[in-house]
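In the two complexes below, subunit A is the common chain; its partner is subunit B in one and subunit C in the other.
Let's turn to the complex of A and B:
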């Protein structure tokens, strides 16, 4: 009956406009109230939302998984210690499929749907370069952990930073003095014929030349190649060092075939661990690498002289002395790179606190505060080592490790100085408008 | 002979265009950005549909046409300092020329061989973008800097990096291509293409030059796909070889199959549907491609002709 009466009165127009307005007003008040409460809290304790652009699928998935573990550990450590300016960090993860198109879409999604404060965490260069324009247009700070030279090249934009990991140009340059004086002066390079290989192709020869050594041959392997034996006769006989940076699944075949080609009488070998990140160095076929040297950003294996900060970092992330997941020795980490996630999050914390960051309206201030940073001291926040930061090119510079494969482990035999990795800036982001 | 109904066809297409125009005023920021992207990608799908849906030529290499536009525009800006409109034109020319060459070569085959030949050519194109990395920056790719992505016509100034301008540009491109597609499929040439698809021998016997018609279809399809690629480069500012990889040859096929092959509006529906399926499922599960695969299987089982194809079969026989 009541229902009938209501519908009747509505139909008859007996519901006055004033009553209706009152009703709408009350409803609106109720609807807004929780929002108001949230807003009131936002000033003090609402979380800082960080959009984590993760390679959960696609070619970068092995790296992505460990980037996610490191990020989770760092966020826990930061939140346990009071968060950023008293506010906890909330990580919002989106998978970019290691694809530049999807990467750009994900950055847009963070900015306009998740409304995160910043975007963070990308590794693969093509995803960074594909996503950077979107970050710049939406004016959302974008902190990458990619080691590509793209940020420092100043070809991206003012909102893109790489404060937690050194770039490949710096890494290669820092290797040259030690290689020239300890491994050999006549170097043959073998590299994949795409961007990662081209960085080495372009940056190593001048760096070696400056040290009185030379690249005597460069052998580019087409990306579709799955067998390498036919390229080995191109290695000049006088070669003292083979510098190899093959990546992907082909690396196991590459090393095996190189072993079959040379037998026990091989030149010295020097490589970048990128080839073997997340791969057990004791995998069948890799025996040939015994006694060879690798670049490592942060050492995979625990070292005798590890700092307390390094030990605490390894425990927090959950890797054992062999650089594998605690409890699963087969799950080898990407230790040489993933420390960059940990350190980047602490840089973000520092910059946000310096900027007095409150919310998205302070993003420009955050950019300027990040640019104003100059150095990071070694310690729990920067367990890989101290670094200097060049705000003009948005890039940090740090120490590099050279490790020798000995008894199935990687032992650090040399640590470069920061200065060895410095180069002339190629531009200046700070002159670009915000 | 039954003449196709004309009025509902024009009304429907006009309604879709008006709807897309109006949506920009009500959509939240995120979906506004998504729709701009989807419209550009739907142009890619429409180009593909013209060849696959209407002419019955299944190509597995259309990434090369999209990339021809992408690189045609991108390299013109990067190395020759082109403005945005001339760069877009360069993208179209690159796509058209590539379409002509590939058409002349690949149309010597048909069926499975055509699939394989187009796929191989696309692979060659992909490797070429890697090989000439000094020019193309290979797999890393390059950005078209924000300040360059502006168009000035007289005293009018358009900033392609602004969401509204970008939406309107994508909308304009989409609308033009939709109208052109509609015009083509309702023209004599379009009917000959359908005839070729249904029975090439008989069409030839009736006196039509099947090769010339197919070649024209390949070129037009290539130009439309290149338009999408060129638009992607200037609207979203990134050019890289990923877009030439085989994945981007498969995607338009999926979009078209989903939306309905040989329907003018199917490509838009398919692209939109797929975008949101990936976007929503990837938020819940990293195995989102499994869900996408499942969705595709279900669609093929229950809507074998795609969404619009099924609607046309069951209810709206007049859909073009």
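Let's turn to the complex of A and C:
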């Protein structure tokens, strides 16, 4: 085999290495040049630049797409109403590939290359955890819409905030009483084997125990898994409730295989809608979900008692009564989470205006102004509902919805109070140096 | 769950994995056996097959079975054409140099993957199975479609075996594999055989992907796992050996199914990798491979 090695190699073509390098150099120069001339005008009218760390590719892509749509809609609404302190918002999007390592690089790129005022918008918890140290080192405020408990755990740093969506620990604590008294007492959990899933693994058992129910089995599934039937035999026969929360591109397969495995003769199901975000609940093979319950941050389907603010928000983002894109019923949104983008941007606006934010030199003031916030009232800026904010742990607390699948739709059957989700703070970011 | 149904489920799951794996790995093994090219882009041909299946079934509409059957024919043909073009434009110009082709196929991997990302998007999209019959066993339900994958795979493997051992094309391919120079001296158009084999290898991956896509989903990153598993199978079975590939695929598939169900999927992957290491140390040519001449 070694005998037929040929002298023809990759570099002997018509293009010489020097010519190729020249070409790359010229292209790089062209790409960089415009950055220096834009917005050289007075700072007062220059836009506020928000770096949007988006999951455009990788396992979070479906969320990323809708986070971007919601962000665009919210920015348009804010800018149409005069922007932040009279300055418009400009969103700079960078794809992090739903990858923690890339996430940290993206935060660095925002701070040093794009020179954005803040960084915002991350969902997947492992990306948040991977990116937060960079935000702390570069002292750039980092507003995430992640749902994980990592921000509130005070294990990250003073520059990381989660003001737009309640964390998992609080969600679980608020819903546990309802699950224990209405669905069943012997619970088997199925969750993804990474930070977000571990929040569920760690906080559900104590929350259920306080209600006289118990977790009898915990099944961790790697987040990149594509086939699930092989995990189902681990579900104990005496299980009354399967508590499922899955993420990633294979969620539809997961739910379908659960249906094939059990058919209509199934235990009760209580799931986080994460298991079906961006998936039509009327997809073939999902009929067995009828009568099961889901957590929803904000309801996917329009409800009878929707507030005017909720209606206006849905119209602005462009989702119809079934939570799908207007004009494309197959493009189902991630409604349960993406409201957090809308609300977070309004929190940023409020905090920047409170701080009299002028530019990156005021970042510390912005952090303190965000920490000083205490509550957000329900309304056009907070269409999901009112919330309280704990500046010590940088986390907001809102209402949670429990919805039942009925006639191919999700109908909200219970809404928790904010108080049910409150817990003792585990630390205090405000004592950390800025 | 009691021991017997537990084992039954594990075996069924393992058989489905084996069936898909055997087809995918066979493509990889064939390309290596005949051309001595390690095709790192093989998983992307798999992914391309699945993505095209989605595109075809979506474009066609109507009963899912019609779209699926069409995809089963058209998708491998398109993938085969892509492979043929890649072979003509890239591999042939490198004179099938083993080192250069590895680098070139890594390049192809990224080009195909990024093209899929650009044109198809980052979402996972479902393809409806041609029929959705749920086999009701006393202990659990099982997808009838999954069992039909096993049957389809066996048929395709038999067909490949028949072509390789009972037809003139197969004879020519085996002659080329056995000794390239002598084959050329006897008037075999080695060049065209290479092109055909490369396309055939990619088509086998694409067929496997079309079969599997109704039970998983089409996604631009789905090529990685089949590639790694195919390499494991091909190394254990012996590069270029059809029998070895099939035996190793069944071995890996079943052990993956059974170990995953009884213990954990991570352990199954660990054992498969360990097996590769052991084979490489004690029998580098693979279980059924012949020692390099």
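Just so we're on the same page, the second predicted complex is superposed on the first by the 348 of 434 C-alpha atoms of A that agree within 3 Å, B and C clash if a C-alpha of one lies under 4 Å from a C-alpha of the other, contacts with A are read in each partner's own complex, and residues count from 1 in each chain.
Just so it is clear, contacts are C-beta pairs under 8 Å (C-beta built on N, C-alpha and C of every residue); 3 or more make two chains touch, one makes a residue touch a chain.
Since the model is a prediction, treat every value here as computed from it, not as a measurement.
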Name the contact category of A:105: first (subunit B only), second (subunit C only), both, or neither. first
If you stack the two complexes on chain A, which partner ends up touching A:198: first (subunit B), second (subunit C), both, or neither? first
Touch check for A:260: first (subunit B), second (subunit C), both, or neither? second
A:223 contacts which: subunit B (first), subunit C (second), both, neither? first
For A:57 in the superposed arrangement: first (subunit B), second (subunit C), both or neither? both
Touching A:94 in the superposition: subunit B (first), subunit C (second), both, neither? first
For A:250, select first, second, both or neither according to whether it touches subunit B, subunit C, the two together, or no partner. second
Could you tell me if A:341 is touching subunit B, subunit C, both of them or neither one (first, second, both, neither)? neither
In the overlaid three-chain picture, which partner chain does A:237 touch, first (subunit B) or second (subunit C), both, or neither? second
Once the two structures are fitted together, what part of subunit A is touched by subunit B and by subunit C alike? 56-57, 222
State the interface residues of subunit C toward subunit A in the complex, per the touch definition above. 1, 6, 9-10, 13, 17, 36, 93-98, 100, 103, 117, 121-124, 126, 128, 132, 134, 136, 140-143, 180, 215-217, 219, 221-222, 225, 257, 260-261, 265-266, 292
Touching residues (chain side subunit A, partner subunit C) in the complex: 1, 4-6, 8-10, 56-58, 61-62, 64-65, 222, 225-227, 229-233, 237, 249-250, 252-253, 257, 260-263, 278, 283-285
Counting only contacts in the complex, subunit A reaches subunit B at residues 56-57, 94-95, 97, 99-102, 104-105, 108-109, 112-113, 125-126, 129-130, 132-134, 136-137, 148, 150, 155-157, 193-195, 198, 222-224
Per the contact definition, I'd like the list of subunit B residues that touch subunit A in the complex. 28-30, 32-34, 37, 127, 130-131, 133, 137-146, 161-162, 236-238, 240, 242-243, 278-279, 282-283, 286, 288-289
